[in-house]
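Quick one: structure below, then a few questions.
Each chain gets a letter, A, B and C, in the order it is written, and its residues are counted from 1.
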Amino acid sequence: MALDPDRLFPAETNTRQIARDLYETVCDLPIISPHGHTDPRWFAENQKFEDPAQLFVVPDHYVLRMLVSQGVSLEALGVAGQNDEWFETDGRKIWRLFAEHYHLFRATPSKMWIDHSFEFVFGLQDAFSPETADNFYDQISEALNTDAFRPRQLFDRFGISALSTTESALDSLQWHQQIQTSDWEGRVITAYRPDNVIDPEFENFAKNLEIFGEITGEDISSWEGYLAAHRRRRALFIEHGATSSDHGHPTARTENLSQAEAAQLYEKALMQTCSAEEADKFRGHMLTEMARMSLDDGLVMQIHPGSFRNHSGSIMRQFGRDKGFDIPTPTNFVRDLHPLLNAFGMRADLNIIIFTLDETTLARELAPLAGVYPALKLGPPWWFYDSPNGMMRFRELTTETAGFYNTVGFNDDTRAFCSIPSRHDMARRVDCAYLATLVRAGQLSQSEAYELAQDLSYNFAKKAYKL
Amino acid sequence: MALDPDRLFPAETNTRQIARDLYETVCDLPIISPHGHTDPRWFAENQKFEDPAQLFVVPDHYVLRMLVSQGVSLEALGVAGQNDEWFETDGRKIWRLFAEHYHLFRATPSKMWIDHSFEFVFGLQDAFSPETADNFYDQISEALNTDAFRPRQLFDRFGISALSTTESALDSLQWHQQIQTSDWEGRVITAYRPDNVIDPEFENFAKNLEIFGEITGEDISSWEGYLAAHRRRRALFIEHGATSSDHGHPTARTENLSQAEAAQLYEKALMQTCSAEEADKFRGHMLTEMARMSLDDGLVMQIHPGSFRNHSGSIMRQFGRDKGFDIPTPTNFVRDLHPLLNAFGMRADLNIIIFTLDETTLARELAPLAGVYPALKLGPPWWFYDSPNGMMRFRELTTETAGFYNTVGFNDDTRAFCSIPSRHDMARRVDCAYLATLVRAGQLSQSEAYELAQDLSYNFAKKAYKL
Amino acid sequence: MALDPDRLFPAETNTRQIARDLYETVCDLPIISPHGHTDPRWFAENQKFEDPAQLFVVPDHYVLRMLVSQGVSLEALGVAGQNDEWFETDGRKIWRLFAEHYHLFRATPSKMWIDHSFEFVFGLQDAFSPETADNFYDQISEALNTDAFRPRQLFDRFGISALSTTESALDSLQWHQQIQTSDWEGRVITAYRPDNVIDPEFENFAKNLEIFGEITGEDISSWEGYLAAHRRRRALFIEHGATSSDHGHPTARTENLSQAEAAQLYEKALMQTCSAEEADKFRGHMLTEMARMSLDDGLVMQIHPGSFRNHSGSIMRQFGRDKGFDIPTPTNFVRDLHPLLNAFGMRADLNIIIFTLDETTLARELAPLAGVYPALKLGPPWWFYDSPNGMMRFRELTTETAGFYNTVGFNDDTRAFCSIPSRHDMARRVDCAYLATLVRAGQLSQSEAYELAQDLSYNFAKKAYKL
């Protein structure tokens, strides 16, 4: 099945034509991918990708979770456990299992991304099914064996003008170093993600802090030294192209403590004597410290709150993080962001980009907040909402209060490299569909719509992330 | 007014045609009604229904509540109070009062159900109004007096292939016994609803437990005896066709206590010394016990949480339960289902079907949970959301994350027998409208849509409820 | 750009034609504006409006907040601070700044209201932009200088049949007095808003109570005297045309305390020793007292809960209230309204109109509550939801459970006089679009739709507010 060229456009004929015309003007714009989780090593070493299963199935938590929900085991999908249990290592077997269950993905964004990759990256136009699985496996394997399908070549072919990965505060940045010093001109940059040295409840927090001190040469036994260590790392990340930091906390809580109180809390964190409440408070205060540093060093600040991580204890014990068992929770931004916004919300020279996993906050809290505080902008629909309906609801729920200009374009946020063009294509289609609907309803002129299509597809991300 | 043959189909012409074509293939499929509240006595005795008011008005809490909201009294609608106050007993007077207020139901599902029953069950095509009320009353009365309108005959005419009623744990199951031993071949089965012996806050809880012990011959003074009594009753229900249990708790809270702790809590429940918190905890733990029993006896487990029952104290005192004063409340499934899912969520041989009265949880919590835990499936939109918009929102909010295959088809959940065909017709129409929208937007192929139309209308319910 | 005559109508051609036909029958109906915040002094003195910036920019918190969100300062927009800081006083400069940022409002209701005012009130059909700003300024200034653009003349030209302003319990009502005794026949009435003498956390609460006692001649040192003072003021407001009271509390909490307990709490309020919890409880109880008084004096009771007022401390300190920094919060109506509804919810002679800033409560709580309690009706979408999508979601989320007849028509709630026709026009268009959608889907007959279009545009507001 070849993809429908009108996919995701409005049903009504006149509106569809407007959407089609708008899309024509943006479909070939360069891709800005300002936030994601691809592996910088790919671009540093430019090795060939392993096999179709390793590319499409094993690392994709969207794919894993859907198959698990219907009783397929993670082991059978090639996911290694923490101990020495068996897991499938035959790529073709994993691939066939995937094909047998591919109907589960009907009408999900995963299917649209994967079908798009099959067709546009690998030229495969048949419907993927148990019948075609082997043929797909062979053809993709063959392609991956050619130089044209190495990471840098795909990056160039995808038309990516800038791509940010995300590294922990303790990362050596060696792959980014290697990319920078190579003769390849692709722009791959890093982003500063310090959760593992900010969250007292992170695995190995004390050990992480120790390393944090060692690699920065700062005395992390004091609050001042700890802050200095952050400043040093941020500076190093900036040297490796970073324009943003990223913060993935369980809640959106922020705090603005006195330095004395913060220092006391840090001491508790260091001694690992924080209660759950104190750990949350410390994380909250550190967002305000990060904002303060951003005012100095210019890093754009991203906050990704509200996921109940590792909901299944048995899966966490056996397979670890990021296996599809993170579930969104209700979030209260009005209360939780209050300390941070009271401290720095009126600063027009600060860029805080907020994401949510709780759509009920879009119209009620986030659009009203971003629609008045100069420092706050709305990140695009994230994770479970990075989907046609999720994107449409995002626009419908935020535009009337925050407008378009307090949003920041699209992030693909992906670990799946081949899905990048399809994800941006989806976002551009849905935005054009939304703009077309407004034009058809007399709420926007044609010329405004054309200008906004460019903004939403390219300009806003470039500006918001300083790229 | 004859019903519009295109009702509930999408507005746009191309999409409408796709929906119409899909609907053609499912409109005459047999009805599976795997969860509802019709009275098994009807099918056991096969007596004629009393009169139009008793059939359409008096027992229907949707109808009662709308008329009450505009100042009509329950007494005038034929509802008897707990004491000896007057209430209307003249069916024709109740019927006229209903007709006078029928405009209140414009654009509600109740009106669609009732109009459909008028036309398809009784052949009445005029608009129901004060002018036509007497004629409707006469014609329906006349029909009800004929053998063709007895319960079993309607059941067969409606094309019902299986129907489950719901009985309390203390029910004698005499009507189901009578149905089973009759020569009628209609499949009417029961479901195990043990709220009145699980909820320490239920009216007459202690007395109920006493009876529970008597009818099972178990010693309910001990925790082990209490569990054994449940097992016995479940076995008896299964003998009467039950394939599911049903649990209607104020919250979705689950607990997984140690047996020692559970036994202590049960003792408090038995002595009626539970605090509100302890009662909630006990109910929560019993869901985990019920799941454990399901792993043994195979009953599908339904959870219907989150209703603030009997919101008006004065109505409760005068008229009792189920008079339209139950109101949905916010629910937190991520936290509340955690103990149960941690215990048994990864078991693919367990079927937990979860319903919600809080739509904000569909995309945020329930689709992500059902989209990863093998034991959990999403029940259809329930109660206030058993409506065209409610069903459409359900699909829009869940499909992108949980797909179609973690849902279980439609439940009519009704007390109003004549509404069964209209309710299933509504669900089939809305699902076809949704599928058509996906086809038109290039998100689903025609052949996938035809297959899914069958699944959503028939196959999923049959499979999920083991019918 | 002239406004699109089909704006806000459905995209699909058949549905659009139905909407257009419905709209034709209601677009010229008189305007009932039963709740808003225009200044009665305008109509009392009938002075010319100052300049375009003072009319369109400075007092409009929707406009201010959007410009502030993009880094424009309130001072530059002509807003005076609490101290003697500079602020812009040149209307033309403010106007140009507004024009430079007008693109921010694309697809917002503010832009639709303002464009409509430009075209229908001032005859300006060009697109408003930096290029046309001066011309707009000149033409509007010129118009404002003519008698035809004085408040009373505009009121008559707008076709307003009744307009309610809102005054504090301490207001002298002098302007209403002056309107009543003038020879002008426009119906401008007041509404009783006693927050400043009910909320122990209101600025100058103690001083306010003192004045409350003085102007009523009641002994407000006692609970009985305090209640008597309310009764006196309500009577005076009724003499000045009031048919409603209005209550803007931080939460929807109600209480129904014994008189002894209420008296004790009042004493604490009077002594300013209430905790935050006690203040909330007192406000909650006073809603029940207000309802009790309404049963005597017939005032319709409006409740506007759930705004976190003055979210930015620095803006509050420098510029005071109502500068765009009020943010919606989650609200729980099922629990919070329980005491009030248990006391008086079954009284069909009481009219409580409830508004929400939390749309998640519409289907879950408010429609079920208004769909059963005779005393409760749903106010129209409010504030951030007074918008095309907000209005459409309101109907989609409430109609299936509460029907149309438990809603009360439209409120413009505006401080911006010239926006009144555009706001009512928007509401009528969206309601016709919704009705047309129902007709197209076979859920409503044409004749029902025509009747409802009149009801939603005119009859419901007239009846609910006793106008």
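FYI, a contact is a pair of C-beta atoms (placed from the backbone, for glycine too) under 8 Å apart; a residue touches a chain by one contact, two chains touch by 3 or more.
The structure presented is a predicted model; accordingly, all values stated were derived computationally and were not measured.
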*Once chain A is fitted to chain C on CA atoms, what angle does the rotation have, in steps of 5 degrees?*
120
*At the chain B/chain C interface, shared numbers over all numbers used: above half (same) or below half (different)?*
different
*asked:* Averaging over Cα atoms per chain, report the distance between chain B and chain C in Å.
replied: 40
*What parts of chain A, by residue number, touch at least two of the other chains?*
11-12, 360
*Please give the residue numbers of chain B that touch chain A in the complex, ascending.*
10-12, 14-15, 332, 334-335, 338, 341-342, 345-346, 348, 360, 363-365, 367-374, 396-397, 399-406, 437-438, 440-445, 448, 452
*Which residues of chain C touch chain A in the complex?*
1, 3-4, 6-9, 11-13, 65-66, 68-71, 103-109, 112, 127, 308, 311-315, 324-325, 327-330, 357-360, 384-385, 387-390
